[in-house]
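Across the two complexes that follow, chain A remains constant while its partner is chain B and subsequently chain C.
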Partner chain A sequence: MSHGHDNPLDHPEVQLASPRGYLVGYVFALAMMILSLGLVKSHALPPAGLMTVLSIIALVVILAQLYFLFHLDLSETQIWHTVALVMTVPLFIMAVGLTIWMFYTLHMRTMIPGLG
Partner chain B sequence: MLVDLQGPWNPLFGRLGLLLEVHYNNPVLFFAFELSVVVGVILLFWATCARKWGYIWREWLTTVDHKKIGVMYIVVGLVMMFRGFFDALMIRSQQAIAVGPDSPGVLGAAHGYLPPYHFDQVFTAHGMIMILVAATPILVGMMNIIVPLQIGARDMAYPYLNALGLWLTVVSAALVMIALFIGDFSHAGWVGLAPLTELPYSPGVGVDYWIWSIQIGSVGTTMGAINLIATIIKMRAPGMTWGRIPVFTWTSMASNIIALTSFPVLGVTLALLTFDRYLGTHFFTVGLGGDLMMYTNLFWIWGHPEVYFVVLPAFGMLSEIIPTFSEKPLFGYVTMVIASMAIAAVSWSVWLHHFFTMGAGPNVNAYFSIATMLVGIPTGVKVFNWAFTMYRSRMRFDTPMLWAIGSVFLLISGGMTGMMLAVPAINYIVHNSVFVIAHFHNMFLLIVYAAFGAVTYWFPKVFGFTLDERWGKRFFWFFTAGTLMVFIPMYTLGFMGMTRRLDYVSHTAWWPLLNAEMVGIGLYAISIACFVMQLAVSIRDREKNAVGADAWGTSRTLEWATHSPVPYYNFAVTPIIHDRDEWAWRRKHGLTSLKPDRYVDIHMPKNTAVPLVLGVLSLAFGFAMVWRIWWLAAISAIAMLLVIIYRSFDKDTDYIIPASDVERMEKEMLARAERVEGNAPAPGGAAGGAYASPQAPSKRHQGD
Partner chain C sequence: MSSHSAESVDPGKVSLWDYEHHGHDPISTRTLGFWLYMLSDAMIFAALFAAYGVYVRNAAGGPTEADIIHPIYAMWESVVVFTSVFAYGLGMAALKKGNRAGVINGLLAAFALGLVFLGMEYKEFADLIADGAVPQRSGFLSAYWTIVLTHGLHMIFGLLWMLVMLFQVMREGFTQNVVYRLINLRLFWHFQAIIWVCVFTFVYLKGVL
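After this line comes the complex of A and B, so read on.
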C-alpha cells in the first residue's frame, strides 16, 4: 500500500501538468476561435460548407483540449479516463442522433408545410 | 426579478409570505406532522438522556466507514419508503371512495377526501419518493456495504466522497419532508409533465421543491457511482481478477456505469427547467422556439437507464442469495456478467418507448420497440441461470430465499407485460392506463423483494445476528398477498380502460376492483407491522440469534470470510483470492480459520465532519432556492465553496492502526465467534472437507 496520498503533488495526474501544455492548449483554442470567427464574418464559404468546416474545427479543438488540458492519453495513469471518455462516444451518438431522428419525423408528421 | 412571480416576495424572506395564505386544511397533514414531531422529539430526548450524542457524532454523523454509510443509506430509504407507503394508502383510499357521482366528499373535496390539487401532490410525492429517495438509497446503501467486502477492500476508493454522497441524499429526502409541512409539493407527476411544471402553470413552490430535491440527490448519486466504479476497478484484493469478481459486484459495476452516464442528463434537464422557472428562458415552453417535447425526451434519456440502474443491483442480490440457499455455485457466471453488461448497453437506446404515442414516425417507433424487446434476451438469460441454479439443488427456504424466489416470479410477470408494452400497437391502447402503472410497480416490487431479501441475507454480516425467521416469513407472505391483491386488479382495470392519476372515478363498474386493491393495501399495512415486529424481536433476541462469520453455513463469496459484525477495517490482513467463490473454495480446502499467521499495520481514512457540514449547507441552499431567498442561497453557496477549498488543503486525512491493536481486536472477535459458534473450529477449519457443508448447521433449519 503506497502512502503517496500524503502529498497531493505526488499524484501522477498532478505530475502530468505542465505550463507549456496548458499554454499550447489555450493558444490553439484561441487561434481556432479567431479562425472560426473570421470565416463566419467574411462569409468565406457557402452556408453548408461553413457548417462543415466549423464542425470539423470544433471537433479538432475538443480533441486538442482533451489532450493538452485534460492530459487524456493511453499512458497507464490516464488509460481509464480515456476509456471512460471513448465510452461516452456511442452514448453521445445515440442520445443526440436518435433524438434528432425522432424530432425530424415528429416535425414531418405534425407540422403544416411552410409554417414550421 | 426576471420572471413574473405571483404572490408576495421580499428580499429578506423570499416567498415565505405564501405560507400565510393557506390553500387547504387537511387533518391527514396534521397527523403526519404530529407523528414526525413526536417521533423526532422522542428520539432527540432519548439521545440526550442516554448521553448518546458523542457516540452518534463520532460513530455515525462523521463516519467515513462504508458499512455505516451503507446502513444510514438503507435507514433513510426505509423511512422514506414508509412515507411513500402512506402516500400510496391515500391514493388507494381516495380511489376506493371517490367512485361515481353519488360518492361522498369531505374536507373540501367534491368526492373522497382529497381535493384534486392535493391528490396530485400525493401521487407526485409517492412516485418521486419511492424511486429516488427510497429504492435508490436502499440499493446504493447495499452496494456500499457489500461491494468493498466482496472484493476484499479496506473501504471505498474515496471514503470522504462516499460520506458526501450520503449526506446529499439525506438532503434530498429532507427537502421532500420539509415540503410536506412548509409550502407544498409538485403536482405535475414524478416525471414533471411539461409544460405543467413551468412557472405560469405552477406558480407555487411545489415544483421548485421537486426540482431541488432531485437535483441535489442526483449529485449525490453521481458521486456514489464514481466512487463505486473506482473502487471496483482499483481496490480489488490480490487474485481478484475480473473473472473472479462476485456477480453482485459485477451488477453494481454495470449499474453505476449507467448512473454515471445518465444522471448528468437529468441534472442538465432540471437545470434547463430551473432556468425557465427562475430566469424566464423558454427551453420547454412553445414560446420563443422552445419545445415541451424536448423535456419529455431528455427526462426519459435519464429515466429509462435509471430503471436499469435500480434493477441491476437487484439482479445481483438474487445471484448471491439463490446459490447460497441452493447450496450450489451459480449457473452460468460468464453469461450472467455478459447479460448485466448487455442490459447496461441496451439501456441507452430504449427510452422512447415511454412516449410511443408522442407522434414520432413508424420507423422510429419500430426501432425503439425492437430495442426494448432486446432487453428481454439478457434478462431471460438471467432468469434461466437462476432456474438452473435451483434445478436439482438442495434448496432451503429461509426468508431471503423466499424473497428471491418471489422476485424471480415478479420479474417474469413484469417482463411479460413489459414485452406487451414494447409493442407500439398495444401501447397505443394502454398508454397512460393503470396497466402501465401495474407493470412498472410489478418491476419495482421485484427490486423491493430482492432488496428485502438482501437486507435479511446480509443483516447478520453487518450486525452479527440474524433477523427473526418467524416474523420474517409473516412479513413475506402478507407482503406477497398485498402485492397480488393490489396489482392483479390493477392490471385488470388497465385492460378495462381506467386511466392513471384519477382523483375521481366516474365509472362505477370499476368499484369492486378498486375495493379489492384497498384490501391489498391493507395487507401491505399488516406486512409493515410484521416487519417492525421482526426488527423488534430480532433485536430483543440478538444474543440467541448471534452468528459467526458464515451466517448461513453455505455462503460462497468473500464477504463471509471476515467476522460478523465486520470490523471497521474489514479484513485483518488483505485476503488473497484463489477462486470465483472464494469462501466456498476455502471451506472446501479447510481454510476457514479467520486467524492469520501474523498481523500487520492497517492504513485507514480518518473521520471527518466536512461532508455533514456540506450537507447542511446544501440543505440551506436548496431551501433558499425554493423560496427564492437570494441572500441565504448566496451565503450557503459561497460557504460550500470555502469548505471544499479548506478540505482540499487538509492533509491529515488518514491514520495507521498498529498491528498490536489489530491483534487485540481480532482476539476479541475470534473469542466472540468461538462463543456463538459453540464448537470452536480448530485452526485450519473444522468444517473443511465436504463441499458446501454448513459450517454451523445446528441453528439453521429450525425455521423451515
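After this line comes the complex of A and C, so read on.
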C-alpha cells in the first residue's frame, strides 16, 4: 500500500475516521453506562455479583471504544498500535490486579476480625 | 532514499518503518510514538486505580464512598465527556474531507463540552470542600481526589491543546504538522473517554453498590 505524501489528508491515519463508527461508539458507551447505573440503582444483584457484571460491561465498552474510536484492528496501518496495546495489558493486570490482591490478603492475614 | 542494497546499510539513514520503500512517513511515526506515550500514561492511571483499590476502605471515621458519591450527577458528566469525544470524532471526519470549517466546528464543540465537564467537576469538588471531605481527611479521600482530579487535569491539558490546534488550523491549514497534531490530540481526547469509563464504573458506581 503506497499513499501520497503531497497531501497529508491522504494519509491512512486521516482516512480511518468514520462518522458512523464514532456514532456507534458514542451511543453504545452511553447506553452501557446508563444500563450500569440502572443496575446499581435498582440493586439488581448482590454487591459482589453486581461488581462482576459492572466490570464486564466496562471491559466491553472499552473494547468497543478501542475498535470504533481508536480504529485498533489487524490492518497494516494499525497493527503496531494494536500490538503495543496487547503487550501493555499484562502490565495493567500486574499493576492493578496484583496490588489489590496483595493488600487484600495482607489485610486478611494481619487484621484479625474482632481485635481491631 | 529508495535504493536499498543489502551490502551498504548506513545506520544513520535507515528508517525503521520503511519496509515498503515508501520513504519516511512522519505522520505514522509520530502517531505511533504518541500512542506509546498514551500507553505509559495509562500506566499512571493503573497505579492510581491500584492505590484507590487499596485505600477505598480507609475512611478513618470520615466520609465514606456512599457519603460523597453521587452517581446520577456523575452520569451527566459521562454524557458530557462522551459527547465531547463524539464532537471531536466528527471534526476528524471533516478533516478526512479537507473541510476546514467542519474541523473548527468539531474542535469548538469538543472544547465547549470539555469546559462544561470541568465546570461540573469544579462544583463537585467545591461541595466536597464545603462538607469537609478534603484530601487530607483520610486515605480514601486522598485516593479519590487524586484519581478524579488526574482525569480532570488531563481534560484541562486537552482543552489547552485544542485551543492551540484551533489557531494552527486557522493559520496554517492542513499541513503535515497540523494533521499529525490533530490525530495525536484525537488519541489523547478519545483516551479520556476510556479512562472515564473506568472512573465512572470503578469509583462512582462501585462506591454506591
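Quick note on the criterion: the second predicted complex is superposed on the first by the 99 of 116 C-alpha atoms of A that agree within 3 Å, B and C clash if a C-alpha of one lies under 4 Å from a C-alpha of the other, contacts with A are read in each partner's own complex, and residues count from 1 in each chain.
Convention: a residue touches a chain if its C-beta (ideal position, glycine included) is under 8 Å from a C-beta of that chain, and two chains touch if they have at least 3 such contacts.
Nothing here was measured: the structure is a model prediction, and the numbers come from that model.
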Check your understanding: For A:L91, is the partner it touches chain B (first), chain C (second), both, or none of the two (neither)?
Key -> both
Practice item. Considering only touches as defined above, state whether A:Y26 meets chain B (first), chain C (second), both or neither. Key: second
Point to revise | Which of chain B and chain C A:L54 touches, first, second, both or neither | key: second
Practice item. Mind working out whether A:I79 is in touch with chain B, chain C, both or neither, as first, second, both or neither? Key: neither
Check your understanding: Does chain B (first) or chain C (second) touch A:M108, or do both, or does neither?
Key -> first
**Study point:** Most chain A residues touched (candidates chain B, chain C)
**Key:** C
Exercise for review: Considering only touches as defined above, state whether A:L37 meets chain B (first), chain C (second), both or neither.
Suggested key: second
Point to revise | Contacts of A:T99 with chain B and chain C, given as first, second, both or neither | key: both
**Study point:** chain B/chain C common contact set on chain A
**Key:** 1, 3, 5, 8, 80, 88, 91, 95, 99, 103
Exercise for review: Note which residues of chain A are touching chain B in the complex, please.
Suggested key: 1, 3, 5-8, 80, 87-88, 90-91, 94-95, 98-99, 101-103, 105-106, 108-110
Check your understanding: What residues on chain A touch chain C, complex-wise?
Key -> 1-3, 5, 8-9, 11-15, 17-19, 21-23, 25-26, 29-30, 33-34, 36-37, 40-41, 47, 50-51, 54-55, 57-58, 61-62, 65-66, 69-70, 77, 80-81, 84-85, 88, 91-92, 95-96, 99-100, 103
Check your understanding: Across the complex, what residues on chain C touch chain A?
Key -> 20, 22-23, 25, 27-28, 31-32, 35-36, 39, 42-43, 46-47, 49-51, 53-54, 71-72, 75, 78-79, 82-83, 85-86, 89-90, 92-93, 95-96, 98, 174-176, 179-180, 183, 187, 190, 193-194, 197-198, 200-202, 205-206, 208-209
Review point. Contact residues on chain B for chain A in the complex?
Key: 233, 257, 261, 265, 291, 293-294, 297, 301, 348-349, 352, 358-361, 363-364, 367, 603, 648, 651, 653-654
